[in-house]
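In the two complexes that follow, chain A is the common piece, with chain B as its partner first and chain C second.
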Partner chain A sequence: MKKRKWIPILLIVPALALLIFVMMFPLGWAFVTGLKSMTLLDLMTGGGRFTGLKNYFKIFRDRLFYNSLRNSLIFVSISVIGQVFFGFLIALALKNKFVRFKSFFRGIFLLPWIASSVIVGYSWIYILDANLGFLPTLASVSPFLQMLGLNRKDWLTNPSIVIYVMSVINIWKGMPFSMLMQSAGLQSIPDTLYEAARVDGAGAWQRLTKITIPLMTPFILINLIMTTMITFNVYDVILVMTSGGPNHASEVLSLYVYNTGFTMGELGYASALSIILLLVNLLVTILYFMILRYRERRLA
Partner chain B sequence: MGKFGKVAILILVIVMAFSSIAVAKQKVVLRVVTRTWAKELIAYATKKLQENHPDLDIVVDAKYYEYQDTRTQLAMRLARREPIDVMTVDHIWLGQFKDLMMPIPTSKVPHYEDWIPAFRKLMEKYAPKGYTLGLYGSTDVRMIFWNKEYMRKVGIDKVYIKTWEDVKAYAQIIKANLDKLPKDVDPVGFMAGNTEHTNSRWYDYLWAAGGDILTPDEKKAMFNKEAGIRALEFYGWFLKNGMTKPEDVLSPKNGEVYDQAFLNGKFVISLGNGHWLGDTTARNVGMTHEEFSKKFGAALIPAPASGGERGATVAGGYVWGVSKFSKHPDLAIEFIYYITGPDDWNVEGTGKYGIPTVKSALDTISKLPYADIIKQALEHAKFRPTIPDYPKIAEVIRDAIQKYVMNYKTKSAKEILDEAASEVNDILSNK
Partner chain C sequence: MKRWIPVVLVYIALIAWLLFSVFPFSTTLLIALKPKNAFMKFPPDYFSMKLTFENFKIVLSDKNWIKYYTDTIIIATLSAALSVLVGSLAAYSFARYEFRSKEFLMVFILALQMIPAASVIIPIYSMFATMNLLDTFLILILVDSVSSIPLIIWLMRGYFSTIPKELEEAAFIDGCSGMKAFWAVTFPLAAPGIAASAIYAFVRAFNDYIMARTLAGDRVVTYTVGLTMFTNQYEGVDLTLVSAAAFTALIPILIMFAIFHKHFIIGLTGGALKD
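Up next is the complex of A and B:
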């Protein structure tokens, strides 16, 4: 009997070891590096001196940090709302019994999500770029596109709109994830509820607002948490498309960490920034969990 | 078979086994971290090395990366003390990698004196006396180019560009005749995208106006002085007068995309492209040297009407070095000699193209389009700072150029350059 008690512990050891080596060790390393003044050169020569919280104080005086934080908040808010909303709409549409070829459409909708960020980035460059993109060329001769206000060339170079353009692209890329999560949620709602509502005379709108949305709320909240965390860390598509430019107008926090570490070679400062990014992520996650718990308590 | 026969066979087998071990070549693995464009060069140097060492079985384990990844990969691998033998370092990274590169005794490099003194000086900058940090591969220079077909369409048959005023005058004629050109063509273009190519092409004009990036002791910013302001205002003139649009110059992802846009007819005059435009870039789109020269014209980077230096240009290029952790330094030195040295310049298959940095091969420039202009430009070639902080400084200067392009209506060049200079001075004083 005594021997059996060890079995569960033994079983979790590989997962625990993996977690320590893949998650905790790099995190600890990033934290320690964040307390040092360390450049790429120092990394190679084993240099870097301990400077305590200097990097963190520097963050609060860094205008590019505030710029990237602002961009991140815009990017994450628009992306998350867009992905969850459109994901929900498409999941709902695919549940409808009148829609045919559901598997085919599900497959098509998944394409942006499974495509690599580099491919997605370059595809959008060939759509939007001022010199290479076909949209500006097409819009210059199409009265319809001009009427829609699409006859502009500065999608990726206008500092006032580029972050919104990136957000829309990210909605397109990330929406299938929300669609999948919410499709799973919709499958869990028994059809009998809808039939009963229909018998009671409830219309489509009432069935949506009184049955579907309330029962989907936990799924939507989990979807929100996951999408927020994922989106805060997105930088690859932006890196491919604009590298954060022009003049940092599309530089989100995760990309700023990347650029600081690998372009400028400031590893200590980039590590401190990444710890701040982690804290922002944690804060948002805690907030969502509090909302989730509050809702559960109310229901209970 | 008798007992004696079995023993004889056994002895024979043992002798054969030992003799095969004795003749087996010693296997040597040479680890190389380099750029994606260097495949031909690596293949050529591997072949030469193997020919010169028939007793060795040389395997070259080369890893190829894009520009930014090369630096990151080198940094990561060297931090892990990985035994890299050969490394390709953009000369502007020299300051960052100097402590990880093995100083090479110049006596070990055949024909070392053949390298042009300016390149030798740069390679020796961080090395002890009598040593070099590496061998400089080919270099490049920048020039001003124009589209001859478009020029003819707007009524300009002969183009003479010597000063900034000449460029402005041609731009005005082109703008007045834009209806004769395809839609969306800009009279003038320059690179203002999100990479260091934006800086390097602007430095040509900064130097042409008599300025510099940093003070000679590399301790303070200098690009915000009068020459810098004039150079940035020169860009601004084209924006203010509708000769180009911010989105057209900001959008190229990097210098290659900008070059491509110019070749595709986006701009009539391009303020700065590398000499490679008529060589490798044109070749990539299936254009021969003759076709290129027929379609595009070139001149030295112009100077302001008064003062300055006509032809000022950045000299680009890579230094090939041997890492401090190399297990085969002698072979690595020989290897990088084959890649950079005077042998087999411009011979098909060696990958040695462009502008040589060795005197004995300078004649090969004659094969390039606009060779005379390239030769003249080479006399004015200058290097960017190689101090460890340069990548950070470059980022600040690039931001300033972009900021000006985006805000030229509301902010002055001086204001923007002064802000950038203050940031650069903070970096240099390690604040």
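Up next is the complex of A and C:
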């Protein structure tokens, strides 16, 4: 078999070629175009002229950029904490040995996650829309919902709450991923530990705080960071529901990149923003490996 | 005596989240089952029991909607096939062979996976626009495949490395060619992984909205983009039709999910949860 040294490389070539063609080339293009002043109209004429770092200087004075960064921070932190927290609770609930119909529950919980963002977006619009929405209609006749303060009509039109509404919808859609990840973690805790603790007279609360939570910490940590990495780039449901409005109030960073490129047609500036988005992702990734390294060193 | 209290609390939590999970979908279904005029007045009529299948009949015989749907199935099927083929080949190589630059290539692919789609969508659009490839099946198949390939490589590498090399060598000695040994021995054993990969890639491509909207949407229209066109077409007039359309698009995924439930979870969690 030795003489066929080229076989392993040959098997990788198709995958590599596709990845380079669809990921690497565009990335290179973004680097170059980020240094140009270029619009959608320039694209077909091969136009655009080099302006150096001008786009990047512009970013640091761009009010909308800071606005999108702020929205991203709100959106990501609420979504991530919510998803991981509820994911943990539900995974824990599904591990309880007295609970029946586990795969039924788990199957239904996965629905929001496997439905397309367009269907999810529309379904939530139908619930929240000021005139036709189910929730405002129901709230107008239900004293109970009025008591809870849910009788508002401006879920999607009030600039000061719309980003929180999007975060809650993202928790709703993203919880199943955390649930699955943490179920995998819970599976790895041997039952014998719990039995031993029970023999020693530990109550349910003690078993939770002394066994489950310490042993789950690495899984929760990895889950937190993975969800953070994913959520920074999530904008499809927001695009469907509000396109970032009203008045940029729900425009997260990734959506700002998209809108700058395709709504405003500013390809050069949007490319520079793409690179910044990539750097934000890189930062989170580095943080991820630093935390993992730190934990390993502490455990060693 | 107090033992049942925690279990009841657990059930309450599970049922609460269950209701939260299905609430938007059931609202959409309810709207889809309403007669046309239910939403032409204010307040809209959510609470009467007048239901009809009329909207589903209209949507399912709408030529445009059928075209959008067929386009989506074509794209999702071909991109699943392409990404599983290309991904398994690479995974097989990583699992079976030792070669120079193997480490580098694996890290390289992992790094490419970290590049967010949001930061390459502008250049992808621009590049393919200059190549005149926009609004074709090819472009969506390529882009959708690439978004699944890295995960498929990791998943399949795991599967291939659990299959003992000796099995293949035995087939080899019995006179099979290298290729035949792979198809006759390794491939069937890796079938669960391949099924999970294929379903993962199919669902990703089937549900894609941003790429389909940005890179196509004129001649090649997926159902996700078609749904937004439906909305514009019937805007303010017919909420019920759009809901019915959305629901017809949700049902195939639900059926697939019910059948392949297990593969689904393996694929979507990259093999982290196998039970």
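In this text, the second predicted complex is superposed on the first by the 280 of 300 C-alpha atoms of A that agree within 3 Å, B and C clash if a C-alpha of one lies under 4 Å from a C-alpha of the other, contacts with A are read in each partner's own complex, and residues count from 1 in each chain.
We adopt the following convention: contacts are C-beta pairs under 8 Å (C-beta built on N, C-alpha and C of every residue); 3 or more make two chains touch, one makes a residue touch a chain.
The model shown is predicted, which means the values in this text are computed figures rather than measured ones.
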Superposed partners chain B and chain C on chain A - clash or fit: clash
First (chain B), second (chain C), both or neither touched by A:W172: second
Touched partner set for A:G203, first chain B, second chain C, both or neither: neither
First, second, both or neither for A:P214, with chain B first and chain C second: neither
First, second, both or neither for A:T157, with chain B first and chain C second: first
Chain B versus chain C as contact partner of A:F262, first or second or both or neither: both
Partner chain(s) touched by A:G52 [first = chain B, second = chain C, both, neither]: neither
Partner chain(s) touched by A:N247 [first = chain B, second = chain C, both, neither]: first
Contacts of A:L43 with chain B and chain C, given as first, second, both or neither: both
Broader residue contact with chain A after superposition on the shared chain, chain B or chain C: C
Partner chain in contact with A:L110 - chain B first, chain C second, else both or neither: second
Overlap of chain C and chain B interfaces on chain A (superposed complexes): 43-44, 131-132, 137, 140, 262
List of chain B residues in touch with chain A within their complex: 68, 71-72, 75-76, 78-79, 96-97, 99-100, 183-184, 192-195, 245-248, 250-253, 257, 261, 264, 266, 388, 391-392, 395, 399, 402-403, 405-406
Residues of chain A defined as touching chain C within the complex: 5, 7-9, 11-12, 14-16, 18-19, 21-27, 29-30, 33, 43-44, 46, 86, 89-90, 93-94, 96, 98-99, 103, 105, 107-120, 122-124, 126-127, 131-132, 134, 137-138, 140, 172, 175, 177, 180-181, 183-184, 187, 204, 229, 232-233, 235-236, 239-240, 254, 257-258, 261-262, 267, 270-271, 274-275, 277-278, 281-282, 285
Residue ranges of chain A touching chain B (in the complex, touch as defined): 39-41, 43-45, 125, 129-132, 137, 140, 153-154, 156-159, 242-248, 259, 262-266
Interfacial residue positions of chain C with respect to chain A in the complex: 6-7, 10-11, 13-14, 17-18, 20-25, 27-28, 30-31, 39, 42-44, 46, 85-87, 89-90, 92-94, 96-97, 99, 102, 105, 109, 112, 114-127, 129-130, 142-143, 145-146, 149-150, 153, 178, 203, 206-210, 214, 224, 227-228, 231, 239, 242-243, 246, 249-250, 253-254, 257-258, 261, 264-265, 268-269, 272-273, 275
